[in-house]
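Presented below are the structures under discussion, each in the form of structure tokens.
Both complexes shown next keep chain A, but they swap its partner, so chain B is in the first and chain C is in the second.
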Partner chain A sequence: MDTLLKYIRRNVKVKVTLLLAPPLIFLAIWFYAPFMIVGLYSFDMINIYREITFTPSLTHYSKVLSWTGAAGIFLRSLYFAGVTVALCLLIGYPVAYYISFKVKKYKDLFIILFIIPFWVSFLLRTYAMMSILDERSIFNTILVSIGLINSPIKIMYTDAAVILVMVYDYLVMMVLPLYANLEKLDKSLLEAASTLGADPVKTFLKVTLPLSMPGIMAGFLLVFIPSVGEFVIPELVGGPNNYMVGNIIYEIFMGARHWWTGSALSMLFIAFILSLVIVYVRRVGERGLAI
Partner chain B sequence: MSEIYSVELIDVLKRFGNVVAVDHVNLKIRENEFFSLLGPSGCGKTTTLRIIAGLEEPDEGIVKLYGEDVTDVPTHKRNIGMVFQHLALFPHMNVFDNIAFGLKMRKTPKEEIKRKVKEALEIVKLEGLENRRVNQLSGGQQQRVALARALVIEPEVLLLDEPLGALDLKIRQHMMVELKNIQRRVKTTFIYVTHDQTEAMTMSDRIAIMKDGRIQQIGTPLEIYYRPSNTFVASFIGEAVNLIIGEIGENNVMNTSLGTVYCPEQSIKGKAAVMVRPEMLEIGENLSQVDNLFKGIVQAAIFKGSYIEYRVDVQGTIFIVHKHGIDGMEKFYTPGTLVEIGWKKNSSLTIPV
Partner chain C sequence: MMVNRRDVLKVAVTGVLGLAVGGAGGYFSRQAEIESLKKEIEELSKQVSMPTVKLEPNLNIYNWTYYINRNIVDWWAKENNVQIVYDTFESIDELVAKLQTGTSGYDLAVVSDSPLQELANLGVLEPIDLKKIPNFKYIPDRFKNPYYDPGNKYSVIYSYGTTGLGWNSEEVSPEVTAWADVFEVDRHLGKYKGKITMHTDTIETFGAALIYLGRDPNSTKDEDLRDAVDLLKKQKPYLAGYASTEEYMEGLETRRFLISHAYNGDIAGIIYASDEREITITKQLEYISYTVPEEGALAWADNFVIPKGAKNIEAAHTFINFIIDPIVSAICTITVKYPFPSGRDYVPEEIRNDPVIFTPDELLDKLHWTRPFTPEERAKRAEYWLELMAA
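Right, the complex of A and B next:
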């Protein structure tokens, strides 16, 4: 027993394997297995009796690919996610920058104030947003009654509503990695730039921004990936014209109960997003992450 | 006709909360001078340097560069270069881009940038490392990149904040010589912040000694060493110093708890300290030709290579004696030995206290 323990302690490979085993097994069961099953469905390798067959076919893929609406839905998902990421970055960067660079005393407090809303469940937050966006919301009522606007603003069930709620829900995912990144940034680099004749704008563009690329990357992925697959938000605050891929997949699985088509669509979408992310990471990442 | 100074601080004061980091500092630094700010940790050296750079705004006083009031001019518009204590090299750029940064900000043409960066690399002896990432360089090499980056923009004044702090002794000694050579070659005013007196003594034309935000003395290394203007400077500079406090009366005679001490001609009157450097003290069994002579007991004898340091107890006061040129072991006094120590009055100095 003693010698076995000693062996394990000395042998790094064995040690690492043993340490990693529990999470790996967990991942394998709860993540990779379901994913494999979706894969099997998409290649028509599971029949209606839930038996595995070894006669793969691409019929479900060709069905999905021949569906002309797919491209539009893919593009709309990308568009929603893209705008969401852009807005999160546009709002999140200044926030992270401000807290990291300008706040002197109560940085933690600022960050906590920012995080607190996200302790509330995602659904509750979304419902709360709905009550603000609604035509009969208290805001619209107040704005109309003080005469600032003539008729209530209608946001619910539009693209704007979907994007607005997604930005609200995912903003923290952008701010936190950016903040962590900017906090790490050695402030004397900015002073060095100024002693070399760089004004504040140049300093930002040549030093701060390139050095915060890893944070931007992380924030981008953390916001983009969940928002591109989002289906709850468009379901709740979007209309039938604001559907994203997630909604279609949900419909096919839960409405039509055609797991084969749903799986093929899921796989295609995953492949699509994965290739986009890989291209993005290659392009931006090489510059950004190499630091 | 007044001389133009490269840097002039007039009654500069800077507070951080309750701390007065820089307290009514006046400095006049000459063109092409190697000027050091020397003092213990926390005495305000860095803050003073940052005020010259414009990275810190003084609460009171005026900063002038070449006669021009720049107190309200932002850093990037002052023609200064700075080498930071932790170098602050840009990690996302290679050596070339780091050095070229300042030139690019000045919109220097591409060809000229190339030529100047090459020259700068030659000055700091880093030819051929243009394309290295800065984290692939040794500490000493990074040091040189930081120096080249600050020098290449040909600043009117180069500010250096303990640039050798992170290096080990050998490279540090080497870089001291290098820095002085570079300063001679590029003909720029260097303002050098350090808490290491060897660095300041080795390189400087003049040194300002600081303590608690105030300038204690400004002078050449020799002046600072041999003519300290107060007891703080006397004990801060040099390896060790002997200070005897007493009251000077008529005829330059001082009354002390040890007895009478003869001071140099034209000494001040009243309460004062007499300073004797350890190497000015003589030690023996039968001293002659000294003006002041005391008997004491050797408490410790420490062999330090080129000299022996004795600690001699004279009626409870410890004197430190450095004995150079030891010829053999016969003159080595072991602890417990009764000895005489003494000095000529002209190799001592009286300092007001």
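Right, the complex of A and C next:
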């Protein structure tokens, strides 16, 4: 026993392996096994009684790829997620920039103030937004009663509502990586730029913006991935044209209860997201992920 | 309003059972009358049979939202020393997804007709022992031995009804009578553009379209589904959306929607402003109506089942027996406004005669019932549904 302990203590490789084993085993069981099961379903290798069969087939993939409806919904999801990311960036960048560069004291306080709403459950925030966007909301009532508008603004149950709520729910995912990135930015570079005669606009475009690209990319991924797969928000605040990819997957799994096609679609979707991440890593390098 | 003495008596049972019944308070204002009724009420409450066997200490129930008198559930739990976990679901999909695993952890669930067949075929239901449910004799014959569960092997009826059109009778004219009203632009569909909703459940919405087209609502034939989707695609631009129970109940009440494809009991629930903990037998919203379209409609029946792996089978049987007791069923009916079959003769007359709550028997016979689909058939229907969603 003593010799064994000694051996472990001396041998770094064994020590690291032993330390890493529990979390790795946990991940293997609770993270990768379910994912593998989705894979097995997509290749038709599990039957309706949940028995594994060794007759892989691509029928579910070819079925999903032949759906004309799915393509349109996929494009709609990309569009919704794209607009959401763009708006998050337009709103989030100035916020992160302001906190990082202009706020001298209490920076943490500003960040915390920004994060506090996100301590509340995602669903609860969405319901709160619904009461604001509603035709009979207090805002509409006030705006109408003071005569600023003639009839209440109708946003609820439109595409605009879906995007607005997604921007609200995911904004923090854009601001935090951007802020972390801008904080790390070497401020003396900005002084150098202005000493060399660059005006503030030029400094921003030539120095700050390129240097904050990793932050932008990280924020892009963190906002884009959940919003392209979103299905709760379109369900709650969208109109008749609310379907996104997440809703298709939900409908196939839960409504049609056809786990095979649902799995094939999920795998294709994951492949798409993964290719995005690969492109990102190639562009920004692995450093970008560490933010 | 006039309530006859016998009915008041029946309603009052809840009071004797020691429950807080806010809505019924109005009927108890005449103290003397209550006193004189008290003895009779006690007699009646003795009829609510309580178990004699030893029950397990827990009971996990999974039911639709707003579908039972919660006070009476609490009372039963207290009387029997059983800890009840009462969970609810919003769509049948959630329920089936959980039960089909065979390890849901629930001892009792309420399942609709065709998913029930599906689950029985998968072997994830425990058989029901009718010997342990003596009150089964109070279930009217037409609800025994149903087509979806011959011999009541796995189920006991819970409630039943139809899926039709709920509408605002103050703002909509002429009155809604047919599916044609919501499928033809020169009828209500065009006139009330953006104020009409169809159901989010694909079976209901395809069913409505297929019935309007004069086809079998259970069809999985490509030509039928093609025509149904084309019809629904033409209808879609005129709709406010596809709404589930919670959405259309709120929408109709606030007049955001004027016509909604809906379950009858939900509409009755709006009309009587129902609540799971209160008994209400006066109509609150007179402007909401419900119509079973003249072309026909889908009928449905919900049932108690015991999921495979249930640990508290004795308690589950006893609870079923308790709920289908005529008096308890009557209380549940006047609470949620979905009909509990064995309580029919014990509810106030206006509830019994309200066709929105108790679908008339002759009508029920004429309606369509759904059948279970195979995974392939469901996938095929889902494909057409997605085409509609993408349109």
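The rule is simple: the second predicted complex is superposed on the first by the 266 of 291 C-alpha atoms of A that agree within 3 Å, B and C clash if a C-alpha of one lies under 4 Å from a C-alpha of the other, contacts with A are read in each partner's own complex, and residues count from 1 in each chain.
Following the convention adopted for this analysis, a contact is a pair of C-beta atoms (placed from the backbone, for glycine too) under 8 Å apart; a residue touches a chain by one contact, two chains touch by 3 or more.
This is a predicted model, so every value here is computed, not measured.
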Combined model on chain A: chain C and chain B, fit or clash: fit
Partner chain in contact with A:T195 - chain B first, chain C second, else both or neither: first
Partner touching more residues of chain A, whether chain B or chain C: C
Touched partner set for A:F80, first chain B, second chain C, both or neither: neither
Touched partner set for A:Y179, first chain B, second chain C, both or neither: neither
Centroid geometry (CA): angle chain B/chain A/chain C, rounded to a multiple of 10 degrees: 150
Which of chain B and chain C A:F224 touches, first, second, both or neither: neither
Which superposed partner A:L211 touches (first chain B, second chain C, both, neither): first
Touching partner for A:I248 - first (chain B), second (chain C), both, neither: second
Partner chain in contact with A:G72 - chain B first, chain C second, else both or neither: second
Shortest CA-CA distance in Å separating chain B from chain C in the superposed model: 45
Shared chain A surface residues [contacts with chain B and with chain C]: none
Contact footprint of chain C on chain A as seen in their complex: 48-49, 63, 67-73, 76, 135-136, 157, 238-240, 242-243, 247-248, 251-258, 260-261
Sites on chain B touched by chain A in the complex: 53-55, 74-77, 80-82, 84, 86, 88-92, 101-102, 105-106, 149-150, 153, 159
Interface residues, chain C side, partner chain A - complex: 91, 93-94, 96-97, 100, 122, 201-202, 236-237, 239-242, 254, 256, 375-376, 378-379, 381-383, 385-391
Residues on chain A engaged by chain B in the complex (per definition of touch): 186, 188-189, 191-199, 202, 206-207, 210-211, 290-291
